[in-house]
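Two complexes are shown next, each including chain A; its partner changes from chain B in the first to chain C in the second.
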Partner chain A sequence: MKFRAVMIDTGPMREFSNIVTTISKLSKECVMRLSDDKLYFIVSEDNSGPTPPVLWCEIPQDMFFSEYQMIGIDEDHKDIYLGVVSANLARSLMTLKSAKCLKIKLTKKQCPCLTLEIEMPSSTSQQTRQVTHDIPVIVVPRKLWSEFQEPRVPQPDISIELPTLKQLRTTVDRMRTMSPEIVIRASSEGRLTLQIKTSMAKVSTRFKDLRVEAFEGPIDHSDSETESQTNEDMSNVCYCRVDAKKFSIFLSADQISHNQTMCSIVHKKLIILCLQTEENVKLQFFITGIVY
Partner chain B sequence: MKCHIPGPNVKVLGRTIHALARFGDELYLESLSDCILLRTLNAAESAYAMVKFNKNFFSYFNYNFYSTDENEGLKCKISMKSALNTFKSPTHMDKQVENLEIKLDPVSCKLIFQLKCKHGIVKTHYVSTLDCKAMQAIYTKDLVPNRITSSQRMLTEALSNFQNSDDQVTLEVSSQSLLMRNYIDSNLDLCKIIRTQINIKPSEFDSYMIGTETIITFTLKEFRALLAFAEALSLPLQLHFEVTGKPAVFIVHNGSTFEAHFVLATSKPDVATQASTQASSQIDKKRKENFSSHERSAKKKPHMDVEIRKCLEDDSHLFNDIEVPEDVCTEKGQNVSQAHFVERNMDCDDIPASPTSRIKIKSVFKRCFESTFDPRSIQGVVLAENSDSD
Partner chain C sequence: MDDGTSEYYFTASMDTGKSLYSLLKAIQFQECAVFSAMSEGLKLTVEEGKCVQASAYIPADNFTEYHVRTDVDVMFKISIAVLTECLNIFGASEESSLKMYYRSEGSPLLLVLQPQSVHNVMTDCEISTQTANSVLELKDEDASEVAKLVLKATAFLGLLADLERSCDIIELNLSPDHPNVSIITYGMQDRSCIDVPKSADMVESFSCDQPVTLKYQLPHIRLIMKALAISSKVVLRCSSNGILLLQLKLEKEDQRQMFSEFYILPLLDD
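Here is the complex of A and B:
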């Protein structure tokens, strides 16, 4: 198994650093999957049996790396799966924003390591400094590879474009202090509502005139859990109750420069948040709904 | 002792106290005829800081005010917390404080800090002195083969590459380059620690003179504290050191006004785990052998520790106290720790290796596991047969 990649452009370096920082906020460990055309970061729900991933990030290697070579185990198993502690990786990549060049290699030094060689320009002279980090990784055995495949999700009931992540983040952070759960409601008329309910107050923030990408027909609300608001046709609305902290962590991905964020809701069951950047990086975040 | 410090210099003093506070918990003050010395030692006795303020730092300086003896100045020790309290926010001090007066009240044995601030505000702090003795460390500053001068910014940038959890750093110096690595304790699992190495070229330093190539390791906490001090005062940092085991001296000075010496004890890095991260695969194999031999020799660890302890003993001689009658307590402490080391050595020698498997025990004590009575050993008539098989 061999892997060697070189990154020299500042834009991709900054993006890469931001992506890894966002991942480190979400989970302590993540799996890096290296294939011929893409680099994937996969985060699964805490290690207790095979569960679908919580975060799925695809990075096309040709947009990020100027050189990229990898050789898998054999013809049938072409990809390399590495388990890495995301906090380590994030901290090492923090200096990447002012770096000149990054080289990533898979090496074996007492244990398999991902070696990062960063060339930093010096502020005091014209010289460059060479910084080397050896991050220990765990090679994921082949029998566990099936856990890290692209998740197959049911067709969402609605896909709506989100307003500015920064706006959403400040709102959700305030709401988080009052309630641990938040209800996301989206209607086919382009309205998104964030709602929380405590014993003393009910707070909701409504965003309107949002672009609806897809809407799969009228929603069935016959289980009468819904509180209908006046003048609203409930068959066009679907919602999902999720953990506010997880939602907020995704929203901290606003550091990554993006041009589109989409929220897809499977009524009461799942929220899929999808972020796409100019360099074709796709970051997908799955939050399962809380059902009482 | 009585002295007056003008406004802008009070900020420098404040920053000094904050830097010293990150080293130790007690501040030793000594006034001599031409300067005032502030010293502190950290709890583990591995770091010592001394800051000397010359006469021209003060607007009025009288070192033996209140004392009866012509030549004797002030020698006292105060708690660092009290000193910090007086200089709470050094950043604002230069704008608010016009003058600071420090004097000793011999009647109550208190050190009085009187801050005259703007708008007629006068803040007076009465700090009790804990002791009346001095402390001095012995270390070589000038006759060292290795000297490096650098701007603190470059070192701060280099340190930003390390993890927050790293607590010791190793410097490997040669005439061609300086390698800075995070030090990994051999007790920790190598497969969980991230290793970082920075290669800095000599041309990046203001001056770089290496007489002896060496490897030194020291703690990052105090290093970061002294770098923050140099950064606050925008002064370059000088590093004077010899070889492993001998202390490294960091000097920050401002011409003739003040001079700060930070002395950090250095230790011997563990050879097996400090593998250079740029090793090729062939060398990797050798390292692997070294590593496995290190593991095999883990049983001999107590003896290895003896070597390291000896190095630390050498370091502790660094802090010899002068004036025996006054410094009995500190020396006693040192003697106690030395005796403790000797005791530990003896304990280590006496511990036998533990047995490796149970099979050996069984073969040694085989007879115990056999039944004591063997019926075949009876000759002749059996008068009473066994009532049951037991």
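Here is the complex of A and C:
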């Protein structure tokens, strides 16, 4: 097993640091999967079972790394899976925003480590400083690889563009103080509604004129808990009730500069939030619906 | 008014709900407030025990449209915490217009908010209302005013912030003679004293004919700190029955004025 990569461009370095920071907010641990053409970050819930992971992130290596070499376990198992404490990685990569160069390699010290060598410019002279971080990792054995496979999710009923994440996050954070759960509703006419209901208040924020990428309606509401809005045709509306905190954490990904965010909803079961960047990084968050 | 809202008990709209938000935030030390709409303006009142009463008053001219039925009492209890969260739903950096509707007794208070910079989004809130408990009547016409001070709010805020947090009791000594104002706090093992002569920078005006000593719970006095932070001046009035009244005017960019008022009951001598 061997892995060695070099990053020299400031844009991707900043991006990489932002991605890892976002992941560290989401979970204590994550799995870093290295393959020939892509680097993956995967976060799954402890008792994952058949549920999709919480986060699936794909980073095309050629957009980020100027050098990238790796050799997997053997011919049939070309990838490397590493378990890492995401906060450790995030903290070490914090300085990347002002760094000149990052070398990252898999090393064997007292335990397997990801060694980051970061070259920092000096503010006073032409010389540079070199900072080395050794981050302990766990090499995930082959028999557990299947737990980190690409998620297979049901066909979403709707995929709709999201408004700016910053705006969305402000609103979700206000709602979060009032209720632990938020209902997200999307219609094929491009409307997205966030709603909370408590004994004190009912608050709905409606966005309209959003682009709908796909709609697989009509939606069957026959078993619904009478969300009757008599003047609206419900067959083009689907919704999902989710944990407000998880939703808000995803929205903190707004610090990753992105060009597209989509929200896909599997009616009542799942929402998939997908963020794509200039550099073709794809971040997908999966939030399972709360059903009573 | 022909838009079908004329039979509503109360309707109002405003171009920006921001100052209303900061005013309400300043008196939000309890979960619930009494909301009362009068033809002169809107008033929200919060009480702590029966010891402190704070109210926010928004004269009707702050609203672009303000309508309240005069043949009924428009008064109800509402969660001020929820109300402020709703007013701030688009965040502090966003100016948003606000409309309020209250149909009749028992109906929820409806709010419609729309940010000024983004047009494809709006929020509507239905906040449940309850029958209001009566509010303490602390204005006593028979009690005379024994002292009146006008202080600079920031300086007074700084003074309160300097007081030892663990102290329970604050004593206010006002006198026509030097030092005109002396503030004494009593803690577990200490006593500290701050003198403020009327010539001090922070005192804008001072009137007091007879020396007077009043004691209050310090935590009660601290409740005004948020309001001080958004005001430029504070008027303190001590009445002969010991009740301290603090009146503050919200600092705003436009000419319209909004106020907050705190009545604080004194500690009786033991």
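By our rule, the second predicted complex is superposed on the first by the 284 of 292 C-alpha atoms of A that agree within 3 Å, B and C clash if a C-alpha of one lies under 4 Å from a C-alpha of the other, contacts with A are read in each partner's own complex, and residues count from 1 in each chain.
Criterion: a contact is a pair of C-beta atoms (placed from the backbone, for glycine too) under 8 Å apart; a residue touches a chain by one contact, two chains touch by 3 or more.
Predicted model, so just to flag it, every value in this text is computed and none were measured.
Q: Which chain, chain B or chain C, ends up touching more residues of chain A in the combined arrangement?
A: If we count touched residues of chain A for both partners, the winner is B.
Q: A:257 contacts which: chain B (first), chain C (second), both, neither?
A: Neither partner.
Q: When the two structures are overlaid on chain A, which partner does A:91 contact: first (chain B), second (chain C), both, or neither?
A: It touches chain B, and chain C stays clear.
Q: Looking at the overlay, does A:167 come into contact with chain B only (first), chain C only (second), both, or neither?
A: The answer is second: A:167 touches chain C but not chain B.
Q: In the overlay, answer first, second, both or neither for which of chain B and chain C A:115 touches.
A: first
Q: With both complexes superposed on chain A, which partner does A:199 reach: first (chain B), second (chain C), both or neither?
A: A:199 contacts chain C only, not chain B.
Q: State whether A:10 touches chain B only (first), chain C only (second), both chains, or neither.
A: Neither partner.
Q: Using the superposition on chain A described above, determine whether A:123 touches chain B (first), chain C (second), both, or neither.
A: first
Q: Which of the two partners, first being chain B and second being chain C, lies in contact with A:208: first, second, both, or neither?
A: second
Q: Which chain B residues qualify as touching chain A in the complex?
A: So the residues of chain B touching chain A come out as 151, 153-154, 157-158, 160-161, 163-164, 190-201, 203-204, 275, 277-279, 281, 284, 287-288, 291.
Q: Show which residues of chain C lie in contact with chain A when the two form their complex.
A: On the chain C side, the touching residues are 79, 82, 85-86, 88-91, 94, 108, 118, 120-128.
Q: Can you list the chain A residues touching chain B in their complex?
A: By the definition above, chain A touches chain B via 85, 88, 91-92, 94-95, 108-111, 115, 120, 122-125, 127, 129-136.
Q: Quick one: which bits of chain A touch chain C in the complex? Just the residue numbers, please.
A: 163, 167, 170-171, 174-175, 177-178, 199-210
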